[in-house]
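Working notes for the structure below.
Read from first to last, the chains carry the letters A, B, C, D, E and F; within each, the first residue is number 1.
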Amino acid sequence: MTKLIEYDDASPDVRDVFDDIRATRQTDYINNFWKAIAVHPPTLRQTWQQVKAVMAGPGELDPLVRELIYVAVSATNGCDYCIASHTAAARAKGMTDGMLGELLAIVGTANMTNRLANGYQIPVDDRFKTS
Amino acid sequence: MTKLIEYDDASPDVRDVFDDIRATRQTDYINNFWKAIAVHPPTLRQTWQQVKAVMAGPGELDPLVRELIYVAVSATNGCDYCIASHTAAARAKGMTDGMLGELLAIVGTANMTNRLANGYQIPVDDRFKTS
Amino acid sequence: MTKLIEYDDASPDVRDVFDDIRATRQTDYINNFWKAIAVHPPTLRQTWQQVKAVMAGPGELDPLVRELIYVAVSATNGCDYCIASHTAAARAKGMTDGMLGELLAIVGTANMTNRLANGYQIPVDDRFKTS
Amino acid sequence: MTKLIEYDDASPDVRDVFDDIRATRQTDYINNFWKAIAVHPPTLRQTWQQVKAVMAGPGELDPLVRELIYVAVSATNGCDYCIASHTAAARAKGMTDGMLGELLAIVGTANMTNRLANGYQIPVDDRFKTS
Amino acid sequence: MTKLIEYDDASPDVRDVFDDIRATRQTDYINNFWKAIAVHPPTLRQTWQQVKAVMAGPGELDPLVRELIYVAVSATNGCDYCIASHTAAARAKGMTDGMLGELLAIVGTANMTNRLANGYQIPVDDRFKTS
Amino acid sequence: MTKLIEYDDASPDVRDVFDDIRATRQTDYINNFWKAIAVHPPTLRQTWQQVKAVMAGPGELDPLVRELIYVAVSATNGCDYCIASHTAAARAKGMTDGMLGELLAIVGTANMTNRLANGYQIPVDDRFKTS
């Protein structure tokens, strides 16, 4: 198994990030993603700051919508870990079975039409060009 | 340029779909995607039915959220046509510059953490396993 | 524009590959792909040997089917150059508009169901496991 | 494990699709993909209609070629479920070990040359531009 | 064209980042990537901090190797902007034509073998499992 | 499990390649990748020649850098087998924990900025256009 850094074995620098994850998420649980990337503390710190800012910071998109977007990207890329963890996070924020069904139907449809647009070599309409 | 089927040159089968696109979207404009895939009428009909159902049908996700998800997938895949057309559609449904900024920040972050999860070969936490 | 090596400016090593491309394809035309990768002769030689073997060598799949597969991969990846050049090659080998329509409909559908399988985290049926 | 809807526990709407899958494929076996997406009946119905049309409907491409294309896309995307299930389907339609070898050699080669075309930023030849 | 924020029109917050880009890279030139993402200042700030840390911060990998890795990812993803900008950056740090040729040959080969490993559904050797 | 061809059961043609793998790598161990693709001897031979040339042949990039590039591509594509085997190969050639951390941080960052460049539809700066 991949090396996972547990809180009790962590350096002060890593513990500091783990503490902020716990405080931000209001849970003692640190999931494997953070324990694994803690083998390289600068990556742990930067990645957490980034994830915290875009997922838990102020903004116009509500927290559930942010998680739906995260699942959409992860399902497109086929990242098993990310699909599992962010589906769980989305459910914790209120995603119903129906919402998941709609989300994945959109993700599937977009992946289909993306390839139709590629394969037919379709030129962008003038009105869609940014100006 | 790719062959585009204009309404006036279209077969009755194709016109029938074009008419439904116009009625559903309440605009006379048919964008290049539909004109291009109209060279294969079964693909035109099936794709439109699919897109209409997931994007304009009843459901729990509101229309703007559906477009944000579409843009997220298209930006992940790098489909230029789809990014341009669905960004325009999202703006028409109320997406602000701030929302686009937040959306792409999440898309970028998810694409980053997807690869960290891959590269570190991180095992899925038991609590994230579906049951 | 990217540097393209023309036949008249090519080294003997590059000309040797260009000559084999011409003889194999029975045309004087060398397309930009080969002229561009000729800046690194070992890549030119290896890539041509590989493409020649899998696309023009003996085998059970007929030449048109091989080109359809090439287009399917290129449309999935969104490689504009490869979509354009291999669609042209497929047409030269007999691909009709109808075949292209069917091909891209399958490519789109597979890209859709690939993401549904990812997103729903579906376990492989025992009977599909290789043994 | 992901929730799978068994036939005996299915709603009439879902059973109706399952019945059509059985009749079309002439087998009682419903594979996990359909049982999993049955949690969202509209996705089940639409996806089956799409897959049935492109894989089992009339057309110029024979059934084995359609499956080879499906495997090519799935191998490119790295979708484990889809690779396993469509490789099994292709074998059932007559794919030999030799054909699989040739197929994957083409898929690998196309994935290689797609990246060479990207990396060298190669312009599309005028003669490959659609007109 | 996409909206680009020029230095003279930028808010103090954006100018602050632009100033750091100029100081870090020792050039007055701000490339379009930064001007474009400046429409969402938090994304500009976070992205620059991330890029600066991983590309210009202390570490064991030398600057040229870091750029080669960036080009490898961008060519794999087919991101035209990133391929062009990071190829230029790599050349500025000493990449020769030969190095680019070797780099893209490795990228192409890895993309090929990735799909062979997928398609043949190859189990990971025990000795490669992390422990 | 996937069919793996062991040395003792291999045809002379396959043994010949296995012998060269052993001699080149100075180890008796043949990993599963080669045993699996040996079911199609032409693919085995071509793929080994390609991998041997780009990874073990003469060139300007040192062997460790070549492996880092291979891992970067594999992590981007999410190929589990390739990530595991090439991470092991990179460690055997001297990759430290710190180097792996830096590598994956760059891979993650490049995957992020690739999508920002896509999503913002950023035009390539004139100075980055190849000429």
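Just so we're on the same page, a residue touches a chain if its C-beta (ideal position, glycine included) is under 8 Å from a C-beta of that chain, and two chains touch if they have at least 3 such contacts.
Here the structure is a predicted model, which is why all the values come from computation and not from measurement.
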Third chains touching both chain E and chain D: A, B, C, F
Type of chain E:chain F copy interface by residue overlap (half), same or different: same
Separation of chain B from chain F, taking each centre as the mean of its C-alpha atoms, in whole Å: 34
Distance from chain F to chain A - Cα centre to Cα centre, in angstrom: 27
Where chain A and chain E are represented by their mean Cα positions, the distance between them in whole Å: 21
Residue numbers of chain E (touch at least two other chains): 1-2, 39, 42-43, 46-47, 50, 53, 76-80, 84, 87, 98, 100, 102-105, 107-109, 111-114, 116, 118, 120-121, 129-130
List of chain F residues in touch with chain B within their complex: 71, 75-76, 78, 80, 83-84, 87, 100, 103-104, 107-109, 111-116, 118-121
Footprint of chain A on chain B - complex, ascending: 1-2, 29, 31-33, 36-37, 39, 43, 47, 50-51, 53-55, 59-61, 65-66, 68-70, 72-74, 76-77, 79-82, 84-88, 96, 98-99, 102-103, 105-107, 109-114, 116-118, 120-125, 127-130
Chain A contact footprint on chain E (complex, rising order): 1-3, 42, 46, 49-50, 53, 57, 129-131
Chain E to chain C touching residues, read off their complex: 78, 97-98, 100-102, 104-105, 108, 121
Footprint of chain D on chain F - complex, ascending: 39-40, 42-43, 46-47, 77-79, 130
